[in-house]
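Two complexes come next, and they have one chain in common, chain A, joined by chain B in the first and chain C in the second.
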Partner chain A sequence: MPTRLRKWSLLLGAAAFLMLPLASRAQLTTYDLNTRIGMESHVGNITGHAKDAKGDYRRYCVVCHGELGDGNGEVATWIDTPMYAKPRDFQLGVFKCRSTPTGTLPTDQDLFDTIARGLDRSNMPQWSTFTKQERADLVAWVKHYSPRWATEKPGTPITIPAEPEVTPERIKAGRDVFARVQCWKCHGVAGMANGPSASTLTDDLGRPIAPFNFTDGTRPKCGDTDRDIYRIFMTGLDGTPMPSFADNIKPDEAWDLVFYLRTFMSQKSKEKEMAKQLGLKPVDPNAPAGQQ
Partner chain B sequence: MRVLRCSRISQVVRSATSVCFLALFLVPVVLTCSQPAHALPAFARKYGLRCSACHESWPMLNYFGQKFKDNGYQIMNDRDAPIWQNPGYWPVVFRITPIWHRVSTGKVEVDTYAGGQPTGGSAVQRISTSGFDLSGLDFHTAGTLEKNISFYLLPSSDPTGAFHFEQVFVRFDNILHSPWLNFKLGRFELDNLLSEKRILTLTGNGGIYQTYHFIPVGDANIYGQIGDNQLGIEYLGHSWNDRSRISASLVSSSDGNVNLTTGANSYSGFFAGSQAFDAGRLGVQRVGFYAMAGEAATYYLTSGGVPIGGSGIANKGYSREGFVGQFYFGPHVDLTVVTQHGSDNPWFGQGYGNAILTDGNGGTTATCSSPAPGCPLNNVPGTALPVGSQSPVWNGATFEGHYVYSPQLIFIARYEAERMSQQADGRNYVTTGANGVTGPTPSNFGNISTYTIGFRYNPFMTSRAGLAWHNEYNWLHQDGTGPSLGLSTANINTSEILMGLDFDF
Partner chain C sequence: MKKRQNYALALSTVVLVCCAALILGQKVNAAGEGKITGTVKLDGPAPHMRGIDMSKDPYCSKAHATDPGHLETYVASANGGLENVVLYIADWSGAATTSTAVPVFDQKNCMYTPHVLAMDVNETFKVQTSDQTAHNIHPLPNPMVNVGWNQSQPPGAPPIEKSWKAVEVIPVKCNIHPWMNGWFVVVKGPYATTDSNGAYTINGVPPGSYTVTAWQEAAGTQNQKVTVAAGGSATADFTFKAK
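== the complex of A and B ==
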């Protein structure tokens, strides 16, 4: 009996020891943050300084992202998922909108662009009213919340090849990619965010999350140009169920998929016209693989 | 430690007897006890943003708040339509301000008595009055009816509870998905960069911008007051980031009064444009212009000698134009400048144009007919202007600076100057002016100088309510409008000190 007790004590002790790093992250203090207040960002020829963003952060951002940048600001409780995304936890250093491969840190430019662009279908407005210097300062401020920036470098931005000409063949090929990589499981066969998995999705923190609805006229979170949509396939949206398809889709196929997704969107486009002329039908999930 | 320090200072404050002493000591309290400012009611409840996101200090908008307003009270996140809100959400704010104030007006003409009987003469005396008081009550309700269709409804009362509709409009936003196409119809504030409806001061003379309301003494053109809400339609366009803004409004020349008793068949236009620039660490700087030009009736048909509402004809013209600049000097200091050059038709200058008396709340009162004493002049057929009459012309400027210690605490200082450059009476025209002096109207007659200082401190705010402890002092000087009565000058000096709790929920 004493032996068993000792064994359990040892096991629990070891587990507690292993969880110490987690606990220390949870107990991030202003002292920890002050040690990183010298954080800088570099966007073009502008250098941002974290210490200069304190006022703007407290005026504009803290209500959602919190004093400790953990996404637990005073209104975070009232932001209901999946209709709205919860505020980002900057301490994790995980960001959706990146130009860098999945799992890597975003570039300063990525964060700089996100601040100005805002995030649709969330409470994150377009903060395009800041000066560039103020935005660069805020990027540095965001970075100072996570120790990742002290030990890691941002990933190398992916290369996006030149956009090819849209053709009916490319749209049909895009439909095949849509079926093959099973985009429809979340986004639905018509892009209406009603795929069979849609209601079960959660983010990395276990919170409900909704897939993007291509048909309701809203803009994709990370930008609405063809290049922005292409980038999402290849980088994924870290922290969400949307993975990177960089290993599954060739660049040409990714462009095909961009063109096919444009056919779902409510805005007028030549892709939509071409799909109409082709009489393109949605994928059939019940058909045998390769014939969907 | 911080709590302890606040407590000690609070004890000192309680023992203080002088109002000034109180104010003096509460400033450090404010500086040391500042807590994060939270969101304001109506839109904060909707978007979860704190008040400081949109307001430099409530209610004055900052750049982001201006952009939010220009977008039709939308943050453009595809969740602006009410269909996305909790059904229990109701976009309403109530605002009222209990105050204590002391008003002191110099050179007031008062009757004199001897042996309990009026002497028939008068004397000049300063009148000071103080006491506890109330502001009017505002019900702000605003938001979106649908994506890109916004509204504003503001029933507002005076301190006695007499209501009128201060602001009512529906706005179609981002027509054809373009921020350059927005139209508004109703009663609204003109597109003034320095908004009088969001003014940070509350005293009688400091609670308005004199530059927005200045009218030469004896002039009856009340229709060019760009600080008053007007009835009409407005076009506004802006770039996505709101750096560039233009607007044009067509309004009835009624000064916002309803029922077409005044302003029927006469219109005014208001135009404004501005461009903002990125100035790095200094902040976003903005410069722009505005112009108002229009005409209003000077002759109202009469029945039994009484002017008939809505019958105005014989329109005469007027104009107001100027430049605006909003300059930021880092995160704490900013300065806004508004200039104005104004000019009225000589008929207005001689007192024609406002024959229908207004009640000051958007309505009209019973009329009387000139030439009865106290009645406005009516340009009935055959009326001739006095020889030498000319357009009154003036220039004005407003300088308003802020020191924003934190979103919760703002210090305000304002100076305004209105200067006549041409009186309505010609140089050779000899008249008995309002000051009782016979002779050419002095060139400075009616000039105004005023300054206002104060601070507003928000000890707390939540997304459900807001409270500002407001302290202000205003001093106003006007040349020549006091009773002469043997005095070397007949200038009026008025001052007011005000403290209050400006709250909304």
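== the complex of A and C ==
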């Protein structure tokens, strides 16, 4: 009898073990992935091939981003939000740093830039140690994780007009934009990430996330040139609470806002000096809309 | 394994029903369209809906000075009529709806009006704001089904026109006002949403046999079979139990 029981329980156990993959949430298998291994990327005149990135990914990326690209690598559990962002789930095809409008796929160049730049305040370092070819291959590899690239095309990158000269008038105008679209709701009136809504923010997967603090000397996640900052608020950071302001800020006003945001940053800048001379005060959150 | 068999059974039933509906639909296209009406009720007293503390945004709390905001998971009338229930035809195989009215999702007094917005696949809908405080409109679909987006709507922002490409129940939120939550219910074919008395009418239904589904955000879904005669009206009443 005991042997029989043991046999049965063994059999049941084996059956349950075999059923496990069915119960798990994973929507993707290595079989699916192999069907997409032919994925390519095009960055400038370089063509990247997913199949060539396998070794680099296994060696450098898999520990965070995971075998299936779902952001569940073995160290992912130890990365705590909101201090550090969790590794991206490549299967979803949702990316923060894009030159394309909200709700569209990024371009190959966007992914290439993110790999090279790294993401400040996260565990994603700058991978400028890779050659351009290796980086392009990795872009193709990242793309092969999401079925979205099979059915959708990347969005059309937004047009960024040439940067105008900084003037005190533009900084003042930027302050008006800051007040009108109410950036301070999350980022705070002085850009210190302490707006009334800052503490309740969550990302698309429900994990706590903090708004960018302009004053602590760190860099914005998607780049710190003036053009990067322009792009960040006009495209939004998909997957996070940061929306796109493309419908509500005109291109010229957008440059004004970039200049005003610079006045918060701890780094020395022309904008900071001008704001000091102007004696600019933070916006008043209690002023009625349109009256600053 | 049994589950899989059940799935196979369900799937083949759906396929069969679809085929039947297709054939039926072709036959009677010339006949007048009918409608499906009914009432959705809540069994027993409505659960207590927690109040919302809007003090974080003075504009919002001022707008609710006399009528404090509360959650809208169950909105029931005195006689038990359940609001915000979406009714649609689960086995619809006809053409897309040809309604000319554009569904509108408004951000008003830091709440979504309506709380639930139903729409057909690929139907254009509009998102607008009536508030003097900034919102961001952030639908959260499954990226494998529909593509999400996140757009700002500060005071005076122009309306946004959008559509969804696939059937899905999509939660909507505003990150600035964490209590704001609503739903986009994307279905195939004609649909209706219950009014404050729980009443609904699905118009433009060609004669035939259908499965009507009622969706409630917390109580789930219920199905009922109805037969619509040419130019006639079928009735399907539903009763939900609060969970």
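By definition in this document, the second predicted complex is superposed on the first by the 266 of 292 C-alpha atoms of A that agree within 3 Å, B and C clash if a C-alpha of one lies under 4 Å from a C-alpha of the other, contacts with A are read in each partner's own complex, and residues count from 1 in each chain.
Quick note on the criterion: a contact is a pair of C-beta atoms (placed from the backbone, for glycine too) under 8 Å apart; a residue touches a chain by one contact, two chains touch by 3 or more.
Owing to the predicted nature of the structure, the values given are computational and were not obtained by experimental measurement.
Chemist: Look at where chain B and chain C land on chain A after superposing the complexes, then choose clash or fit.
Modeler: Partners fit side by side after overlay.
Chemist: Answer with first, second, both or neither: which of chain B and chain C does A:Asp204 touch in the superposed model?
Modeler: second
Chemist: Going by the contact rule set out at the top, does A:Pro243 touch chain B (first), chain C (second), both, or neither?
Modeler: The answer is second: A:Pro243 touches chain C but not chain B.
Chemist: Using the superposition on chain A described above, determine whether A:Asn72 touches chain B (first), chain C (second), both, or neither.
Modeler: It touches nothing on chain B or chain C.
Chemist: If you stack the two complexes on chain A, which partner ends up touching A:Tyr84: first (chain B), second (chain C), both, or neither?
Modeler: Only chain B is touched by A:Tyr84; chain C is not.
Chemist: Between chain B and chain C, whom does A:Arg121 touch in the aligned arrangement: first, second, both, or neither?
Modeler: First partner only, chain B.
Chemist: Kindly classify A:Cys186 by the partners it touches after superposition: chain B alone (first), chain C alone (second), both, or neither?
Modeler: second
Chemist: Between chain B and chain C, whom does A:Tyr60 touch in the aligned arrangement: first, second, both, or neither?
Modeler: Touch status of A:Tyr60: first partner only.
Chemist: Please work out how little space separates the C-alpha atoms of chain B and chain C at their nearest point after superposition, in whole Å.
Modeler: In the combined three-chain model, chain B comes within 25 Å of chain C at the C-alpha level.
Chemist: What part of chain A is in contact with chain C in the complex they form?
Modeler: Going by the criterion above, the answer is residues 27, 91-94, 102-104, 147-148, 152, 180-182, 185-186, 196-197, 200-202, 204, 236, 238, 240-248, 286, 288-290.
Chemist: Help me check something: in the complex, which residues belonging to chain A touch chain B?
Modeler: Result: residues 52, 55-56, 58-60, 62-64, 74-75, 78-79, 83-84, 116, 118-134, 217-219 of chain A touch chain B.
Chemist: Sort out for me which residues of chain B touch chain A in the complex.
Modeler: My answer: residues 36-39, 47-50, 52-53, 63-64, 67-68, 75-79, 84, 240-242, 278-284, 331, 406-407, 463.
Chemist: Can you list the residues on chain C that touch chain A in the complex?
Modeler: 56-58, 132-134, 136-138, 140, 143-144, 147-158, 160, 175-178
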